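All chains are identified by letter, namely A, B, C and D, in their written order; residue positions are counted from 1 within each chain.
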Amino acid sequence: MSCVAEPRVLVAGGSGYTGALAARLVERHPAFELHGVTSRSDAGRALSELYPHHRVDAVLRELDLDRDGAVDAAIVAYPHGAAAPVVAALRERGVRVVDLSADFRLRDRDEYERWYGPHGAPELFGEGVYGLPELYGSQVAEADLVANPGCYPTATLLALAPLAATGSIVDVVVDAKSGVSGAGRAPTAKTHFVTVTENVMPYGVGAHRHMPEIDQELAVLGAPVTATFTPHLLPLDQGELVSCYVTTSEPWSDERIAAAYEGWARERPFVDIVAAPPGVRDVRDTNVCAICARADARTGKVLVFAAIDNLWKGAASQAVQNLNLMFGLPETMGIEP
Amino acid sequence: MSCVAEPRVLVAGGSGYTGALAARLVERHPAFELHGVTSRSDAGRALSELYPHHRVDAVLRELDLDRDGAVDAAIVAYPHGAAAPVVAALRERGVRVVDLSADFRLRDRDEYERWYGPHGAPELFGEGVYGLPELYGSQVAEADLVANPGCYPTATLLALAPLAATGSIVDVVVDAKSGVSGAGRAPTAKTHFVTVTENVMPYGVGAHRHMPEIDQELAVLGAPVTATFTPHLLPLDQGELVSCYVTTSEPWSDERIAAAYEGWARERPFVDIVAAPPGVRDVRDTNVCAICARADARTGKVLVFAAIDNLWKGAASQAVQNLNLMFGLPETMGIEP
Amino acid sequence: MSCVAEPRVLVAGGSGYTGALAARLVERHPAFELHGVTSRSDAGRALSELYPHHRVDAVLRELDLDRDGAVDAAIVAYPHGAAAPVVAALRERGVRVVDLSADFRLRDRDEYERWYGPHGAPELFGEGVYGLPELYGSQVAEADLVANPGCYPTATLLALAPLAATGSIVDVVVDAKSGVSGAGRAPTAKTHFVTVTENVMPYGVGAHRHMPEIDQELAVLGAPVTATFTPHLLPLDQGELVSCYVTTSEPWSDERIAAAYEGWARERPFVDIVAAPPGVRDVRDTNVCAICARADARTGKVLVFAAIDNLWKGAASQAVQNLNLMFGLPETMGIEP
Amino acid sequence: MSCVAEPRVLVAGGSGYTGALAARLVERHPAFELHGVTSRSDAGRALSELYPHHRVDAVLRELDLDRDGAVDAAIVAYPHGAAAPVVAALRERGVRVVDLSADFRLRDRDEYERWYGPHGAPELFGEGVYGLPELYGSQVAEADLVANPGCYPTATLLALAPLAATGSIVDVVVDAKSGVSGAGRAPTAKTHFVTVTENVMPYGVGAHRHMPEIDQELAVLGAPVTATFTPHLLPLDQGELVSCYVTTSEPWSDERIAAAYEGWARERPFVDIVAAPPGVRDVRDTNVCAICARADARTGKVLVFAAIDNLWKGAASQAVQNLNLMFGLPETMGIEP
């Protein structure tokens, strides 16, 4: 493909759902070389044993900074809090990092500590570029530390960006629905099949960690509001839908909405503006965010529905999209829509 | 059980999900006698053939007004529009009717015709008592024609009633989630397993038939607002959750909310005020509505989550609850929570 | 209902799926009084907190032999191995016991220890009556210690009993399919929603604990064969189907099969002989076993399909059926089909 | 990629599940050009409207033999019976065809007509090469008409081939489990979500169309037996598992089984011999067949479990594998495992 050496990419923390998928995407990527996949809990096991369907033969191993510090880039998929020290160690050795945790997303340290506890690398706090490439692509391209957004913020911010940019958002209710993979691989009473099947329930009501992230970024986009955000757990594996109910300062017609969204999406290959409200199956196993926005003639609100795959656009494939930008590659390489 | 003859109850339209369940509930009811079950499409087949798990042996047969007009009461489970003439014919013969369709729920005939087309028994239009027993129990007790509410209105109105009564609802967003049985028994592309599994999608956005019913009854309860209502189809069979985001004219504390809801629920055996947001499994196969209401400290909104079983409280068991009241029986008989 | 005191029934081990359901069935039973529900792991919590849909208010508490030893009967729902000592202690105090574990099902102690380890009450080993009431109802009626069968043996033995009785079974393959509730409440990688949904896989191949139980009882019934038994885990909650492929010593016609099965089922209120192969939904939340048996004209084998609800007929409601017999009550009381 | 023109491939019948997937695989294939996609029922609609997740923009159109007869190859995805005349017309114009229907799989015309009715192109009956590339790759390479196998035969024959080749199969029971996509796109009572969820049931007992196909090919492979075959419908979308219970003329040790299967699989890139029984998720969205074979020490039978994705290896990707061979391309091109 190229006479230049391919960037070598490490996946640190490959035994969880998002890390394992990141490893698969890097391994099949035409311009990256998968340097290795680390895991604290499952070192010694083949990734294909944990996730046969990913068909990645790499054997999980302990992180070895002497060896791993020499890679060109790393995707870090550690839990919140545990990620920061690893990111710091990799950055010290000059490794460019996309971090899937929340450790470098927030700008307000008090807010961070309220939700996640003490930060593990305070010297780097706030140094990450917020890695939502549809909004901050040029900054990502020059970043050495990218904070990959949370899955709910990804869908919500893409859903609201064109409206927010006009300054007309007065109030917003975000009712989010997620599949169980969003809760991670740890077996708990909440993720037990019997708890989830034939059920739907709200969780984290009034107190979900993605709230400050959503509000912080909405303000950046031009909507300094406190969103009402409630996630719900659904009996499905991958997929996330946000239903946004927006009160605007002035009425928006369907035509104006369509113009704003379609114009905005034109240069964004992973945003699909669709006529009918999307289902999450429409974007499964893709890096696409499908968005349908409409005026509600009865109430004057603007309704926006956005669907993503929480493991892909909400985490692993968005990390690859960020890596593509960081290495000057086509944004869609290896994750074509 | 009694030396007085048990009221004989006809179920008209027993081949659909709600009619079949109504037949089962009537057959096992300690004070009713199941007179018969009719069906246009499946006459001649045993109900147990269509729905083995209901274990009702009755053979479906054509409606025969000469014979069926002599019963004491009927539950009519015909499609919207087709119900009205049957209800009228039964009423003419003195039969007390609980109608599961929308034909007698609305008060504004233009609104009815806009959503459902011409009405099949105009002389009776508006004559039905709105059969939400928690709100209109005493009227139901004296009614000869009860319009059983829709499933979404049932959950939404119970969720909002205590707030609405105070006159403080300024705006409300209702994000509703329903299992597939709510779409009925007809096989369509939308109800195909492959369409639904691992999916979630909004439907009827800005144009769902339950909207005017919700607004009409909210106004009666003290909240003359236009609700923003969006239902979503979920990969589950029975169960419905409404997530209500309420803007109030003044702030409500958690204490005030709890007092209002618990006081209101005290005399209502089928309303459960619960501390944690309910899942629909919690109320499956019951006539219960589980409600959790909270202030959102961040935004000042009141959040109310209500879960019902759409086939039970949203249709068939609520019909039995209405029948109980109409015949002076304990409200909970045969459908104990 | 009666001028005699109702038998008081203890449920020991009520925090698991089967114990909790047993508590619900006993609490609603017209002739039993629920004395209490014990739990080692969840003492102090209300059963309704763990299982809202059961709607049982009892608070779980530690077993207290002084107090609990005075009841008339107990359903013990402890794990295999842990059950035996509790059963022994209750028996010592004269309590009649239905034990849901495997501790008193097997007759061969070596076989028991091979699968379950050392037995916790060797003096009682082999003393339990095998509590499959359709086969051993009269022994159950006089028993003080009933070993409630495993879910797979229940379905398999009922499926094969009429054939086995004729002595004509030469070989049998049992391909079993079970919902996830059969794996119990403990959250594990195997019961994680993401592992199970959109999946099906065999487990315990060649080495499942129910094998010796099936073979032991098939021999008692007249079929001294080693069954080939393979269970599969399915993406559903409750329900179990066994597909039995039987080689017989002589050909059986459909007529002969029908005569044998229907004659046998006539006096067994919980056995349904059905014309079309049953689905597990047909028997959900019931004590019924639905059986369809047919000759395979192409191969000469007899095919038998049997469906049960693993939590009901496979465990908790069968325990109540046994209790009914033990106390001289109608077999179907409280668990009517 | 090449200075030679890419073969142009038509997909005839692209509105069903398998045809639509075939269109996607051809469109993304590095060496094929998707000439067009036809549909009788949905002409005029974009494929992306019917199947958004496939992300294929082609607009479905009527078959036009003048235009479409000029392509190099066609995948025909018509219903059984309707396929034959279309295949004949394409063959007449020199188009090489892979047919997904059963019309050219069977060798015995009486048998064909018994299951499918009169054949639509009798002059071509029996002319198709049976397109299971792992078994008949060299014949496929030279064929102009390839009969793509049924999904159940694909899994069953791959599961049994190494055993059958030794001539030691005396008897075989095949218990098959399939997701709902195998039943096709037509909405029926059987494919309604409410029928399928939380259910499992046998179907086609003693009379499934894949029986003669399995027996015909088993005989070719060296096992002239009548298989006992029973499929079951499961609550999942894509995926198929066959559990094979084989009686052999002599005992097979685990070592001998492993040697036979691993040796056979070595040159077959889409066959995975796995140590633990596979789940269907392991092969989802791939052309892989995962096989686990073991001796049952208790009964002496050989147990073989094989998992495929019914839409991929069971239909569309296997068609592409066949096309690859027909055009001298690497077998795995465009469908890498």
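Please note the rule applied: a contact is a pair of C-beta atoms (placed from the backbone, for glycine too) under 8 Å apart; a residue touches a chain by one contact, two chains touch by 3 or more.
Computed from a predicted structure; not experimentally measured.
Note: the chain lying farthest from chain C is A, by mean C-alpha position. Among the pairs B-C and A-B, the greater number of C-beta contacts is found at A-B. Chain B and chain C have Cα centroids lying 37 Å from one another. Chain A and chain C have Cα centroids lying 46 Å from one another.
The distance from the centre of chain A to the centre of chain B, each centre being the mean of the chain's C-alpha atoms, comes to 40 Å. Multi-chain contact residues of chain A (touching two or more other chains): 197-198, 235-237, 278-279, 281, 284.
Put simply, chain D touches chain A in their complex at residues 52-53, 55, 197-198, 274, 278, 281-286, 288, 290, 337. Partner chain C is touched in their complex by these residues of chain D: 171, 173, 175, 177, 179, 197-203, 205-206, 211, 226-228, 230, 232, 234-239, 241, 243, 245, 247, 277-281, 284, 292, 294, 296-299, 301, 303, 305, 307. Of all the residues in chain D, the ones that touch chain B in their complex are 17, 180-181, 185, 187-189, 191-198, 235-237.
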